[in-house]
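Look at the two complexes coming up: chain A is in both, with chain B in one and chain C in the other.
This part shows the complex of A and B:
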């Protein structure tokens, strides 16, 4: 046995030596303006990964009209559910798709890992800039006015989804402030339900709640990152929800599971503070409740205030490894600015466009059957103008979310509090950045 | 292990003897090549790559500066050894293994002895029935049990509504139950085939000496299948430390399963950040820990004079 071990040891060490010698030098830094010109000669094939429901049909519409630029779409789980990890692995392996769906909160992370192509140098992209809501362009330019690390797709203004029938039957007024929401929670509990399910692993939902309250989680002055997951505003929001959890006024089943759908489908959860695309999640997860939901503005911290959070919103980014940046950018622009694509995306996935003109799409002016024909997009259109500006995302949100989510999960199962979880996530995020030599204050 | 006496070979001419080895080397190379290539590609190269990765650190300048990988010696390993949650998860898996492995192998041994005793009719049916869970992919098994444990979706609602099988205190043992369910039949089969290899003369001799069935099981069968039990224990120790699929699936059923619940999950979430260098260091340390534990177990059982 020891002879075998010795041989193995020798083999391994020599192999290490060989690999170490042959390992390529780090690629020279500096992204350099990538040439963004049409690739000549023959049709171009592009690979695109996305998790937007129904994206296949949208891409089909493009392929039918563009025989020279054929897009092959691949679907996967939502970003933090696995697709981002796939992207990072593919980037490391050098076989990433040409285009990928990346939420605004994940873009800085992909840029730090040097995975994105700056398509701001493409003239078609630069010309399209003015079509987008300015704050969405900020989310993809990442502090460099001339840059674009993706084309904004949709936004996630938040509002209050509620069960109109149950509230009416129990004689509870629709809460307009968070104080009223907590009071209503007691009455809902007395009526045998929960006002909502506290989504322990959706830290980006919690980020939306903190965003509404005026919290700021990250800063980037060009020299160093700052991390402030425990600022006063965020702590206030955490304490508010901890109180509801402590009094068992909210349920806490894991989100995006059959158990969770079941809670909404069987009248156990009465509201959901969610983004516009959440309209699709309720409709598919709780089909038995069709016609009973309505949408109202998000509860406010101070009566008379008008502030909304934002949860999600994606961009279509071009990966560094793409050989056809021009064609990729052309497709991304069509996908996110053309009336045809935006209408399809709205019909299939309830996406709310990031373009200025998108708000006037006929599809957004009509009532939605699942919501009793309420014109729900009017509520979200208003909310999208009430999202506080200047919220910056960190360069390793995967780590921040994973750690905070572990802490939130512990808190709902009775170990520690949400505030403890944020304190832990703060320390873990700083450590993660330091481990990767990302400068942090 | 057993020595097989080689039959005496016919004397060969010197000329033949000289030619033979060369012919054999080619044949050997031919037969070994498919294994050798796959073993190198999917076993040695990844291990070496992981070790190399774990020795590098990242450097960059500015908030969005591109990363440069430079040799960092054992810097990543310093982070591994100061990582509390990781060693916590190793401890959790040791507790898990200390309970689950004996329970599972005890059950496997009991079932194997029962099948071998001739007391049960329909032996072939039961042998297959016990083995069937192993044919269910681990992820599917975990999803199935996850639903059985879920407070509101379970068909066993009277039980799940009184005992929360997915709470922080119980979920580890709920997962242990899934792992046991999947692997009992597999381990039983290994022990059972060892039992089949015992020559029946030994039982006849024991019978003549007046030994009861229990006595035969205790004094003959168990000692003789000890090598199989040791083998299954080593497999189980390795499997325990590398647990990934079941707890990963349980994350969507229970809030008590964190992203660093088992050592392999730590590796997985570290590579999701993505911090591949640190993830590689975690995997190397995990592999070494598994290696040390397995060998420590083998050494102790051998020192005790077990076959």
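This part shows the complex of A and C:
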């Protein structure tokens, strides 16, 4: 009977659909070969899914000025919270939006499932390439210099947030290298705090640290993927933090919890090596410490070096099923290069631009009260030019993260080490790719 | 909503009196469970009354300065009051689907109980096996079917699949078999009442305790059905409150202000469930025990 009722429901719906349906016809694979030409005749309607807070207002600004390319924006949970799975389902059903927000680490997954349109062949995209920081373009070209599987949107260049007042009171110099950071950690411990909180479940922070050190986790030569979560650079970083964990110089409160906020709010954690958006996390999580934080460049592995990690960031991708790749690319470029859009995105959602010129936005020039009026974005602007090129994400990062995160949690509670966790994640990732019939070297 | 569940066995223990478990031990277990189930609610309530600053640095289980009304005001004005829209959506999905779904289940179960026709047992067994299929497993196939008809991302994409309730059919059949005497139906027929009229004027009334039970089960199931809207809907204006709060919660890293709104929103969103339970609880208990005896 349930089957009968369900059929009935379907029949009812089809009647509804005839009248209510206004979505464009969705036939999968309907795009031609050299697909990037303006579609002639009449205004174009594009659908765009993004979970950037306040994205509606940014899109409104576009719609007001572009009557011929109207964008309808849809919001929902973040990518790993369900939107990526929805994208995959919609691609299967042929009703994916034209454009979608996809984080850099998820982009290769969509690429191997053949869900994305290569808009690198659009002349407007090829021309815009030089406006972006080279390493951000790596994130969307995925190893093929001519390709672009999206337009870089925002980035998370990393720096060192530190409690200027506590460091001064304890007479500790601000560490410029990781050796100094470890030495400072001992003094901080002696002064009754922890130098930082090691992120046991959010592997992205560790990825940023490994990225800074020159680690390369994945590679793709066009045919096969290589997985190297345990390369020398990454192993060095893992051993460094394992040492701090072993000596109990860092705390390990789960990140993004009230407990974690509290550690920063009550002077228990003195620094945080984090991305530019972390500025807002501290300001809202630790309101009692207003005015006491400052930002310095990330500690370096060798004195005199200038390298920074990146933590987070998204692209605006065009899905394979889009009928209007040219218009979609045009909108994506406006969204991620125009001063107007970048300023709005920064105001509404603290996005930090991926373009070279973005660092000069007026919104990023002023001092921030929470950081004692320091012009903190100058530090991040520099950092964003120091992120090493060539870092590639893998095609199954969810699986990689989940496995590594289990290993990290175990290591933090004394079972195994971070290096063990990475070795495990390496084997697990290779196996996952093989199971998904993705060629692995 | 789960909080009311443990009180049901407590009531029956008390009623039967001669339980082998000593009364004090039973009370202790109940007390512990009550605390266990109420503690998160208490935390939620206390958390909802605090300002953002005080939320992190005051005792999680006791009040700080009362900020509840400011929080609520912020919640209902955030992004043009989209939260209120979600609540209304939830009420529409849930109330509508539970009412119609109860009617469908009642008619279906009644027909299976009172009419003899070929294939009756087959149909009933198919329905029973439907009880075993989790709603989660059906979400993706439903999405693909609705996609074929270009009906995803509409009100109907969530509403229509929510009408179906195999367990309700089962319950209605069991209850109709026991609670609606054949003789009465015969008498009605002899008096010239049509089958439909008989169902609504006589049988439905006799079945009313079962109908309340079915309604409540269905109400809770639809209210808590999270995966179907998650998969079907991409327009925020169509979200039920569960999905809306969830999507806010996934953005907390980016917009930490949302954490407070999610907490107040959660508190408000459980209110309709609590009201439904308090109003209909009595009927529900009767309904469950009736079903259990048969």
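Some points to look at:
In this text, the second predicted complex is superposed on the first by the 306 of 441 C-alpha atoms of A that agree within 3 Å, B and C clash if a C-alpha of one lies under 4 Å from a C-alpha of the other, contacts with A are read in each partner's own complex, and residues count from 1 in each chain.
In the analysis below, a contact is a pair of C-beta atoms (placed from the backbone, for glycine too) under 8 Å apart; a residue touches a chain by one contact, two chains touch by 3 or more.
Please read all numbers here as calculations on a predicted model, not as lab measurements.
Once the two complexes are overlaid on the shared chain, A:284 sits against chain C while remaining clear of chain B.
When the shared chain is aligned, chain C comes close enough to touch A:53, but chain B does not. Within the superposed three-chain model, A:262 lies in touch with chain B and with chain C [touch as defined at top]. By the touch criterion stated above, A:303 is placed in contact with neither chain B nor chain C. Using the contact criterion defined above for the overlaid structures, shared-chain residue A:92 touches chain B and also reaches chain C. Judged by the touch definition given at the top, the superposed model places A:64 against neither chain B nor chain C.
In the superposed model, A:222 makes contact with chain B only, not with chain C.
Put simply, chain A uses residues 12, 16, 20, 23, 26, 85, 89, 92, 256, 258, 262 to touch chain B in one complex and chain C in the other. For chain B in complex with chain A, the residues that touch the partner chain are 44-45, 47-49, 51-52, 55, 57-71, 79, 147, 150-153, 167-168, 251-260, 269, 271-276, 278.
Of all the residues in chain A, the ones that touch chain C in their complex are 1-6, 9-10, 12-14, 16-17, 20-21, 23, 26, 49, 51-53, 74-78, 80-82, 85-86, 89-90, 92-95, 97, 256, 258, 261-262, 265-266, 277, 280-281, 284-288, 349-350. By the touch rule above, chain C contacts chain A in their complex via residues 52-53, 55-57, 60, 104, 108, 112, 123-124, 126-127, 130, 140, 143-154, 156-157, 160-161, 163-164, 166, 169, 230-231, 233-236, 239, 243, 246-247, 250-258.
Those residues of chain A that touch chain B in the shared complex are 11-12, 15-16, 19-20, 23, 26-27, 29-31, 84-85, 88-89, 92, 108, 111-114, 142, 200, 220-225, 252-254, 256-259, 262-263, 395-396, 398-399, 402-403, 405-406, 409-410, 412-415, 432, 435-439.
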